[in-house]
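Both of the next two complexes hold chain A, though its partner changes from chain B to chain C.
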Partner chain A sequence: MTPELLIQLLVSGLGMGFIFALIAIGLALIYGVVGVINFAHGEFLMVSMYATYLGFSVGGLDPLVTLPFVAIGMFGFGMVVYYVLMRRVLGAALHAQIFATFGLMVFMQAAAQFVFGADYFSIDHSLLSGALHLGSITLPLPQMAAGVGALLCSAALYVFVFRTGPGRALRAVSQDRVAALTMGIDADRMNALAWGLASACVGVAGSLLSNFYYVFPRVGAIFVLVAYVAVALGGFGSISGALLAGVIMGILQVLSGFFLESSLKLVPVYLLYLVVVLIRPKGLLGRQ
Partner chain B sequence: MKRFLRVRTVAGLFCQMLLPLFGCVLLAMGGWARAQDAVRIGALYPLSGPVAKSGEDTLNAIRLAVDVINGKYPDSSLPFAKSGGLPNLKGAKIELIAADHQGSPEIGAAEADRMITEQKVVALIGTFHSSVASTVSQVAERNEIPFITGESEATPLTERGYKWIFRTTPSSLSQARDFFVFLRDVNSKRDQKIKTIAIVHENTLWGQEFGTSMESYAKEFPEFTIVANIGYQQGTTDVTSEVQRLISLKPDVVAHASYDAEAILFAKTYKQYNFAPQGILAIGAAFSSSAFRNALKDDANYFLVREHWALDLANKNPLIAEVAKIYQERYNKAMDGTPARAFQAMMTLADAINRAGSTKPEAIQKALQQTDIPASALIMPWEGIKFDAKGQNTKARGIFVQTIGGKTVTVWPFELAQSHLVWPKPAK
Partner chain C sequence: MSNASRLSRPKPTRLLLWGALVAALALLPQMLAGRPFELRLLTIICLYATMGQAWNILGGYAGQISIGHGLFFGLGAYTSTMVVLSLGLNPWIGGLLAIVVAAGSGVLIGLTCFRLRSHYFVIATLIVAESVSLIFSQWSLVGAAVGLELPIRASGWINFEFNRNKLPYYYIALAMMLIVTLLVVWMERSKLGYVLKAVRDDEDAVRSLGLSPLRYKLIAMALSAGILGFCGTFYAQYVLLVDPPSVLAGSISIIVALVAIFGGIGTVSGPIIGSFVLISLSEYSRVYFSGSGRNVDLLIYGALIMIIAAYCPGGVNSLAGKFGRRLKHRSDDNLPNARSN
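Moving on, here comes the complex of A and B:
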């Protein structure tokens, strides 16, 4: 066990952790503002990965080039889903809300399978292929870029939510909807904004992921499961909590995969979650 | 009612008086009457449901084998092709009765029962799914009817002490042995010094069984040491920790049991971290699949995959060329390993029935037990067919194919190789 190896593992875990975090932040945002859990969140990720792949294979565009377009496109997609589907069920019973996003998940998966088939597609030889070698430490560029990109995106979102007018309005709705309404904040528009931002986040995550992960109809489920845990671990609705939890989980799973059994690498992650839920039910940075 | 009775009486009279007469005439025509008694064999395959296509492809190979045996291809040099029918049964033809088990063990058992009791089949063949083979072999055992399988691989099928099951294909357990035989061969014939092996397998039944059978065969090959047995969760997001462990252990060879998705993920991660063992060997086709080649392009080269059969073996074995050609013409589809194995199972059964010289189940069972077919009469790259007391063919073996220049070619056994094995795997 050399220090280089430990650094190598931490770096790899950190890169993966920021990706988990970016996906989880979207979930947390929707839950915090709109008060629903988006079960189709993983499928939003899948759609943005397919979009990035299509841009590469059909248009010859590098994922880095398509990234802003995918993010903007997903922002629009999220708003459309809110206005067309979610707004209708917001006042309805809880199970109606669950079934709406769950149904969307099933529909999107099946649609992807119908259009693209069950095959695995992956992007080869993008601008970000290869690795950086620092002594005995290898930094795979796609993963590093994904980590940095996810970090930048989270930071930008953080600034938006905490330092701008619309961001404050968003937080106001999330903290006390009735009070926000009496202050003249249009909660409906804030809901749509939250859906849009959350979808843009997975859009960025999907674009960055496509550099090193293959896309297939069920790819979303693999990542979003970890993201659900990150949201719960960080505290429901807390953006900084989701970020912290995502990073912790990324590092923890790489370390436990190396030092424990590979097939048990998520066990310490879920164990930590259990402990946090028992000791601090609202999550690491949750409020209430 | 009365009228109906009368008709029946007339018909009965006709049968009683005239049929023996016909019989005499036919007998007089010399052996013809016996030839009329076709040997009935029941084939059970999934012909509907999710694997219907594979079931149909496999059954087609058996249909083809039956037609070869029955003399439909007199120019062929395959067994029975020239004589047409089974010579020791006075040229009796084989009649194939097919049934659809839909992938269900219950339906498979019911169909097997029906074939034995109602259609009087003398032997059963099938069944693609090992789960169905498990119940069908129970029915066969109870009714004392031989059951032969050419493609159901689950090891326990021949471990239950059954007397009426015969399996020509290697069991999934014995497939792990090929890895060691291959490596020993590379060491001796290609002057290499391979010592350490790391096993990487997915964590469901298939991968776990591969891991444990590799461990158990390692005792038989003391020159190799297994340095790691890494079981990973299927559907994992990244395999950095697994690859880092491999890098720190520096194995000479990695033996993989992975499905498509993780095969791509591992291969990409190996490249990223410059992990370059002498060879990466895999069971299952994931490391040579088109998905793998599309995803990795040039990096898909030089992975080695253990297979049952490959079309390019036809260059060394004229029988394979012949069968593959007829199969392609008849079904407009290239033959692959599973149909090839099913074909071989049917030929083996026909060989046994012919040697038995009888359609009595006990006689066929005895003949199957005494089966000894040389490699030269097979379309499989095996050393022959000979069953042990459990009914498992002991002379079966696999081949290794390697992707070279984007094409998958047979590289081992060396005497059947179509292309020179590239070893060690070039690091790029």
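Moving on, here comes the complex of A and C:
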């Protein structure tokens, strides 16, 4: 392997890694604050990708233009899912919590297939197309921009959670719900906020991703399984852990795609989940 | 749960009801001569009821929710088919080996994953199933993405193959359903059943009684996976084709769990009720929206899963139970309790 190729692989792995991280951060936020896993998280991504694609093919809007609208729309969607569905199952049996979002996943996937069919769509000739040439290294621009965008969004979320009042309230609920309640924090609203923020993150990821990735009904399943691994690796509920783990996932899957059959490239990533939860169940940066 | 405890001594009316149901199911095909669609529907209903019972042993009684249980179905289908194709053995022996392989893999998975609790375990089941499906669709020994085709042989019980008249398949599926249901009924009254429910409700309490929760979870897993393994063999012999999309699809795992949850998680009749309602629904909707490839059945399933989870996590059985109790003494409802997680 030449150094150029290695750099190229690492850079593209890093780009994907930030996308995985952004998806994983949303999962971690919901798990940390609300204590449930959103099994439909990948389908939130899929919906954002379809929305971006529709904006492009019907409205002629560039993905970069639709991005903020998709993020805001997904924020609202996440809040609605919390108030309509998830609030009912908090404190219910484990299987009810799991199957509430699991059902949403099945429903959204089937709905996408019902409306759009199983075809693959892609966005061509957006503002972000072409490639960056640095000597003998070729870096596809959409991937790079997506990586940078995802990193910026993660940073913004980080600042919100760790440097603002509402962010502090979110963290308080995630650390000790009862204590937060006695301090006058409205835990229910914080739950909704966590769902909204997480969905907005995945909306941004979907918009960025649709610049270079096909849109189809099952697209979310691929990304979200990797995001689960990232969340486990980072320690469930840990935002910085999810960021770090997402980047590791990105690089790992690019490298394993290089050495293995490309359709098997996710198998090592999945196996890593088992290794992590067995050896270090709290994850790399998880709270002990 | 609430239903199960009342089952400890079967009432004569209840036995009579079950007897009538079995007799009806045994005689039903006589009326369905020349109606292959309904015969196939009933066969698939019995198959999924069996699989739902198997899922329920682990998910309902032992409380270990798996959303990758289709894995064992697929492993069973592949095992017996490989045994028939490359070793030239009888499919029934293949079926026995399928039970061994599926139960063995279940125990292996259990040994590594049962240390995980709640959500961690759920995701692990999903990830293991997905990995195996990916590997099988690349592995040339098992036919990769093309899959394996079973040879057409003379129809008969010895060959486990009935080509013109599919009626025997129905009776095999019915027998599977009955045997597994009886097994669950027996389990519910045995020490095993009580310990499994205790493991579900409070693992630490079980440990403090000097019993090993892991051991009982492994027993539940082996039973559950082994049954699914044989179901896989049955399906392979029924359609004579084994490939990743038909036996290792994620949708199988969804339906297997859903029939149990829809009917009533942790109850004997739950998976049977669930299978009758859901499989009929999906087969008829498939006919109604014929071959549009738009997955109307999954659309309905998804909506149903959400409704069940949010509004009656105990399934149809808990609705019936609540209604019955309200008639009797208007006591406070006794839904399956939340467990701390």
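Please note the rule applied: the second predicted complex is superposed on the first by the 267 of 288 C-alpha atoms of A that agree within 3 Å, B and C clash if a C-alpha of one lies under 4 Å from a C-alpha of the other, contacts with A are read in each partner's own complex, and residues count from 1 in each chain.
Convention: a contact is a pair of C-beta atoms (placed from the backbone, for glycine too) under 8 Å apart; a residue touches a chain by one contact, two chains touch by 3 or more.
Just so you know, these numbers come straight off a predicted model, no measurement behind them.
Counted by residues of chain A touched, the larger count belongs to C, out of chain B and chain C. Once the two complexes are laid over each other on the shared chain, residue contacts for A:140 go to chain B alone; chain C is not touched. Within the superposed three-chain model, A:266 lies in touch with chain B and with chain C [touch as defined at top]. When the two structures are aligned on the shared chain, A:117 is found in touch with chain C, with no touch to chain B. Applying the stated contact rule after C-alpha superposition, one finds that A:258 touches chain B and leaves chain C untouched. Of the two partner chains, neither chain B nor chain C is touched by A:194.
In the superposed pair of complexes, A:277 makes contact with chain C only, with no contact to chain B. Judged by the touch definition given at the top, the superposed model places A:108 against chain C, while chain B stays out of reach.
By the touch criterion defined above, A:185 lies against neither chain B nor chain C after alignment on the C-alpha atoms of chain A. Across the superposed pair, chain B and chain C both touch chain A at residues 221, 261, 263, 266. Listed in rising order, the residues of chain A touching chain B in the complex are 5, 8-9, 12-13, 16, 119-122, 124-125, 131, 138, 140, 143, 212-214, 216, 221-223, 226, 253-258, 261-263, 265-266.
Across the complex, chain A is touched by residues 59, 63, 65, 67, 112-113, 115-116, 118-120, 122-124, 126-128, 130-131, 134-135, 137-138, 250, 254, 257, 261, 265, 293-296, 298-299, 301-311, 313, 336-339, 341 of chain C. Residues 203, 230-233, 235-238, 240-242, 244-245, 248, 260-261, 264-265, 268, 272-274, 291, 294-297 of chain B touch chain A in their complex. Residues 31, 35-37, 85, 88-89, 91-100, 102-111, 113-114, 117-118, 221, 225, 228-229, 232, 236, 261, 263-264, 266-267, 270-271, 273-274, 277-278, 281 of chain A are the ones that touch chain C when the two sit in their complex.
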